[in-house]
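Structure incoming, see below.
Labels run A, B, C, D, E, F and G following the written order; every chain starts at residue 1.
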Amino acid sequence: MENMSRPLDALNKARNKRVLVELKNGRQYIGNLVSFDIHINTVLEEAEERIDGEVKRKLGTVFVRGDTITIISPQ
Amino acid sequence: MENMSRPLDALNKARNKRVLVELKNGRQYIGNLVSFDIHINTVLEEAEERIDGEVKRKLGTVFVRGDTITIISPQ
Amino acid sequence: MENMSRPLDALNKARNKRVLVELKNGRQYIGNLVSFDIHINTVLEEAEERIDGEVKRKLGTVFVRGDTITIISPQ
Amino acid sequence: MENMSRPLDALNKARNKRVLVELKNGRQYIGNLVSFDIHINTVLEEAEERIDGEVKRKLGTVFVRGDTITIISPQ
Amino acid sequence: MENMSRPLDALNKARNKRVLVELKNGRQYIGNLVSFDIHINTVLEEAEERIDGEVKRKLGTVFVRGDTITIISPQ
Amino acid sequence: MENMSRPLDALNKARNKRVLVELKNGRQYIGNLVSFDIHINTVLEEAEERIDGEVKRKLGTVFVRGDTITIISPQ
Amino acid sequence: MENMSRPLDALNKARNKRVLVELKNGRQYIGNLVSFDIHINTVLEEAEERIDGEVKRKLGTVFVRGDTITIISPQ
């Protein structure tokens, strides 16, 4: 099978790369994907927060609780 | 039994095909279904986001957290 | 006991029949009930979506995530 | 102990009787309680839906997903 | 240890006594506490419903689904 | 290790002391912390309810369902 | 592997350091991270609450229920 068979494989492939994480409350975090777990708890480094596409805060390291996430997309 | 007996069979049949994924927040993602798991965490490729039917963003690969999904429909 | 004793028995009896599925967000899907599981993840075929009773979309096959469902009623 | 000791005993006692089921979205279903399970998934027969106390629809059999229910009260 | 050590002990002590049950949707049920379980599913008898402190309905027996409850307080 | 290593240790240390419990719906309960469990179901005694900082009700004993709590803070 | 492999490692590294905890209801707590568990229940000391960036209350010790948290970021 040429395709990845599990969703976490896609996250694994994005490790150490820049990803976009979007939350149920509409906020966006862009940062380097350092780690994640089966709950989709996710840690980004060199992260910045955007609201409606606009940079609001530089956050450095940020732990995002998985159940608040809607999508994760490699940039 | 001629019919599929479990809901995940329908997703399995849609692998590598174009699907529509709709979220509780009203957003729509259209892309090639690469993978999913029992939580309905789902990965699409060549994905685009639509809001109210209008293309908003080209996203490439997107991981969608299962608990935010309402429906998935093969196109 | 003449009565069905478990809720899933009622869904089982509705397999291959036309059912109405209503979601927490107010949307309605009408289609042939193909499959369901213990989470009430449900697959309909020849499905159409209604909003406030009005047909909005023909969807063909649709996978509905169980936790978004309020009621299922055979037509 | 003269009293019922578990909540599901009260539902069991209401089997085949007319009950009111109220949902988080404010809707009410009145019907004959056919079955329920530990998630409080519930099946009613000869059911009708009321919104703000007014009959909106005759539904026949209706499966109500447990996590959407607030109260069940025998009539 | 003179104090009760587990929260369910406080509910147990309130069995057969009049309690106030408040829900996430703001409704209040006052009745005799008949039973509860670890999910805090709760059954009241001789119950009445209040909205904003005003009696709205006499309900007799009422099963309240635990996950919709915010507080329970003996009267 | 000089520090407490688990969150429930902090609650344990607050037993029989006055604590503030805040809920997702904005209400505040101040009372003596009698007991809690791993779901953070919590029992207070000599409790009073405040809304926007103002005392609304004297409640005596109150059981607070854990999943409705945002924070607990010793006073 | 030079990188941390699990999200909780990032929290562990932040122990005894000043962190920002943000909740689904928009509130922010800044304090010394004393402890956390797998549910992301978190205890801060010398904590203060901010709403829209403004200090509202000095709280001393605060237990934050994990499921109400969106992000945690070391300061």
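The criterion applied here is as follows: a residue touches a chain if its C-beta (ideal position, glycine included) is under 8 Å from a C-beta of that chain, and two chains touch if they have at least 3 such contacts.
Computed from a predicted structure; not experimentally measured.
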Labels of chains that are neighbours to chain C and to chain G: none
Shared interface partners, meaning chains that touch chain A and chain F: G
Mean-CA-position distance for chain G and chain E (Å): 33
Length of the line joining the C-alpha centres of chain D and chain G, rounded to whole Å: 41
Per-residue multi-chain contacts in chain G, two or more chains: 24, 67
Chain D partner contacts - residues on chain E that touch it in the complex: 15-16, 23-25, 27, 29, 34-37, 41-43, 47, 59-65, 67-68
Chain F residues touching chain G - in the complex, by the definition given at the top: 3-11, 14, 24, 40, 66-67, 69-74
